[in-house]
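Please read the structure below before turning to the comments.
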């Protein structure tokens, strides 16, 4: 089974990290293939960047010319999943939704710990649209920018763990979801400090994607995610 | 006052019609300026096309080099408004939201009559995120494609009026919202047949935009719609 | 265009202030006409007083014998708007709803800062019924009574600004709504201190009313707001 | 124990009927005292009439000079209960809320069968504000005006029973609530035809009021229903 | 009238206390009969224990061989009420629901003060399913275990009063509900300290049960609570 | 990996069928172990039976003396999952929740097609508590009793397919969930007739359970699902 994991930003080292941690957790026989968008921003932290990422991921996935069985969009709270579902016949899994969905099997409610405060509304919106918000105890920002996860790992960990602890203590979260594609490495430390299960979105998405493929399930094409109707298109596929 | 009205599709004749009907309804002294995206699809009827339109509108608006006081995104149920709000200092008004907001002053609940069934979920999502859904009695598809509004006007009118009548009779709608940027001309006929107020999104959006400008109100920049952070961007502005 | 602005309390100086600030913001050609109820309380701060005001406003508006194009009910969180809609053919705009509706175009969520704690439930109810509550971050009471806005302006301003700051900091409000008909003067100071847009209900309502009139839109008469059925009435119109 | 039952309309024969059926169901030792408003309309079927009734009931109750232990507002979906709660120290029970509350002990969900279609929104609002709407399967109008319950009883019964049957069959109601103060006599016939429990609002309200009094419980005065603050009032108490 | 009050735990002294306080509040002519389950745990504080209690109560009630007119399940937030409703023809009242329902007639919103933190989710679930949660301001745990209510009464009272005060001050509760079958004695002290009405679940349930019986109302048998279908059953009735 | 699949009824042939179909879909290396409760009813179709099944499954699982890595409760809409989560350290997956969760990755909304009408409320409740109801388009009963799935397979299929078709056509379902543990065989036929993805709960639950085990995730023990406190228990473990 081949699963395409699409990073939402243009930072190739982050794609590599995501792939590395995803491959470790994948089932035997699953091959994780990372793709990095050709256009967009080095990190995605807001609406403009997220809309650009949506198109960039669709561009990257539709240009990929090897075979694949499922696609994971590895951005937390980002736009675009519905577009990919129209363009593809294989299952598409968003890590925001996969993480929430998995967390709900582990405790009464979960909290998301994410990067900057400005990304919180995007995550809220995605969970609301996905129908996965009612058991979300809180979405907490650590104040750590996406790229600081790599450049200042120790400070990032401290800030994230601090928010996770507050989510458990103040918000009654029973599970912590790591709300960024680049946080996979933190799982163990957050769990050690909070004593609750910690869900990484990429890991959850890989498991969901593998499950869907193995069960022979793919996106319903009957209405919302039917292929685009044939019509005159300008500027797409993106040049280059 | 100069208001930029951004069509979401690439059909210039539709932009012209939107501008024409908007100008009629605008206040004295308001100048309506239409812009048509350089990229995208000739009509927008689904998620992929809507995400592409989101970027196309941001491209078109940020390339426009004249002065303007407000922007209207003239697509019903489309993505992108939040991105424009980050990129601009002037108010941004989405016609889906403007129409719903205005309709709520006129009756207990409203129904939207739109084009194809596949656009209904997009409209539902936008109203849900905007917090304007609880008084929406229904969103009904007429089965008329966007371009058929121009090419087959009489059939389109019949189908739209039929759905409007059902919305009033079966769904208890007290106001009808025309759910497409290109439906402004139908207002009188739908009102005549249903006996209820009919709100056109572009007209509503122009009025809201004029009001915001005159009251000196613009987008809050404190959190969700703060300008994008400075960072490395690839492929944006779009080439060409 | 002539817009009737009905104060909900019997304090004529407050009516005068409301009219004065409304006239400044109105479009050229709009005439603002204030009316003060003959009966009721000098300020409205609770359910009994609000129900009395509802009748008092209907009395005052139906007794007014000049022409008018729209009516604004200038009480924050008060009862009665639905009754006026039944009695009149012109649009009726409640300032609670107008302010919330306008605020939602400016930021992700808004907070209302009002007078006494006991008025908070009335505002909550009105926003809930109007379908405008989901994006309300909080309703905060300043502890300032309505009449103290005039008698102790400096203390009032301090208390209101303090609550507005907390709404932004603690409740994540991105827009502040001034929750009382007599607060229009505070707009500038609250904006200066919080850095977010500030919406005054009367100003918002004037803009909405002007828009509705210019677009030729008025209350749907098909069901909820149909005129009262002919029947035996006792004690109405109120004597005197 | 003395319970004041306030009719919301000015039709004394309807008050008498309400009292008669309430007295039959009351506990031994409970005395039911009916009061008919001095002002208002002969039936209440809409917002204007309901707001007028709110004041009329407050007028009638506060003018009543005998002792009483609780008050029932016997109008279905009417305004005003919150005002009475501020003015009185004894419990106040609205029949809309009492009926819904009682019905929820009898089945998973209930439907209300009421008079005219235009009263449905008022009932919806009251149930929503009371937090009793989530288990309401539907509110169905019989098309029978309030006064026709007395003048055309047989036609009324047929229409009401027909709606009750549809509520059970189509809406999955397991309990029927009779949505008008003047419907008490129909209880047996609706039950016989539908096979489900039928709740009359006045009967439910008497039982709730008796319970509250016997348990020594009365309205909380700490915030929402605190007595009105002392202030200058004009035109109240109503003259005459 | 004979009302069966089923304790959910196996502690007979608690049953006796519940009966004693219920009898005091019951109407003249009402006989309260306590039953203690044969199986289960000495206190119920969690899901496993609550599910066991559900079966234990059904066992105890169906084994009881005297006549009775209604059943009260005297556990706060426990499972099982729906099962009893299927098995019996007389009304079944859960104290969680009765207390909430009664409290809503007394103030805008209520808070529940209960025993251990781990019981809070069970209470939340029960209120949610009952459709009685929207006016619940908070559910607060005192940290007192059920059996400590008897063994350490003074400490229990202090802890419970402290939470009740915080519910009023911080959560805007206007009514306090005592969230445990064994808290009836505390009513007076909590009321004295908070100044708001205090509702004990058993008292509320007795009043509701008496009301239903007197009004001739019982569980709807049309769908959800129809008797179990005849089928092969193993191990039930429970042996012994 | 060893996964215990607990049937909720006492019909061993149904357990065998569930195991057989689950084993086919399980990953290489996963061993499915079926357990049939010692007590309970031959099929579970209502609240009493479901509560009895809850205890019966806890009894069966805690008596099972081999090692296992996860437990699946294979009853659709049944009680008890939360109790198992307290008693066990391994993940517990309910098929109602697993199916809904998986379905949400495949389409905008899903419908459940189940057996008898009386089981619909139980499924609604479970989805509501699980926070998975907002994307449920409908829950439709086929009128087929659980045991008829085996005894009258052809009639059952016709009835189920008919409801699935209506769910797609009338309720806008884009995915069908088979709402009974014994429906796994129908998947292909329902898919063929409706053209939409069909999710079987047991298959979904196996995939989720495998995923949780492989990711090293298990139930949070911090609050809701902490082990029962040590206390005096009577009649448990169940005798025999």
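By letter and in written order, the chains are A, B, C, D, E and F; residue numbering begins at 1 in each of them.
Note that contacts are C-beta pairs under 8 Å (C-beta built on N, C-alpha and C of every residue); 3 or more make two chains touch, one makes a residue touch a chain.
From a predicted model like this one, the values you see are computed outputs, not experimental measurements.
Chemist: Could you check which of B-C, C-D or D-E has the same interface as E-F, with more than half of the contact pairs identical by residue number?
Modeler: It is C-D that repeats the E-F interface.
Chemist: Using CA atom averages as chain centres, what separation in Å is found between chain A and chain B?
Modeler: Chain A and chain B have C-alpha centres separated by 30 Å.
Chemist: Using mean CA coordinates as chain centres, what's the chain A-chain D distance in Å?
Modeler: Comparing mean C-alpha positions, chain D is 53 Å from chain A.
Chemist: For chain A and chain C, what's the span in angstrom between their mean Cα positions?
Modeler: About 44 Å, centre to centre.
Chemist: Show the residues in chain E shared as contacts by 2 or more other chains, in ascending order.
Modeler: In chain E, 108, 121, 223-225 touch at least two other chains.
Chemist: Pick one for the touching-chains graph, please: line, ring, star, complete, other.
Modeler: Looks like a ring, each chain touching just two neighbours.
Chemist: Quick one: in the complex, what on chain F touches chain A?
Modeler: 25, 27, 91, 93, 97-98, 101-102, 104-108, 130-135, 168, 172, 174-175, 195-197, 199, 203-204, 207-208, 210-212, 214-215, 217-220, 222-225
Chemist: Which residues of chain F touch chain E once you look at their complex with the stated criterion?
Modeler: Residue positions touching the partner: 10, 38-43, 45-52, 54-56, 58, 79-80, 82-83, 85-87, 117-118, 121, 125, 128-129, 145, 223-226, 228-229, 231-236, 238-239.
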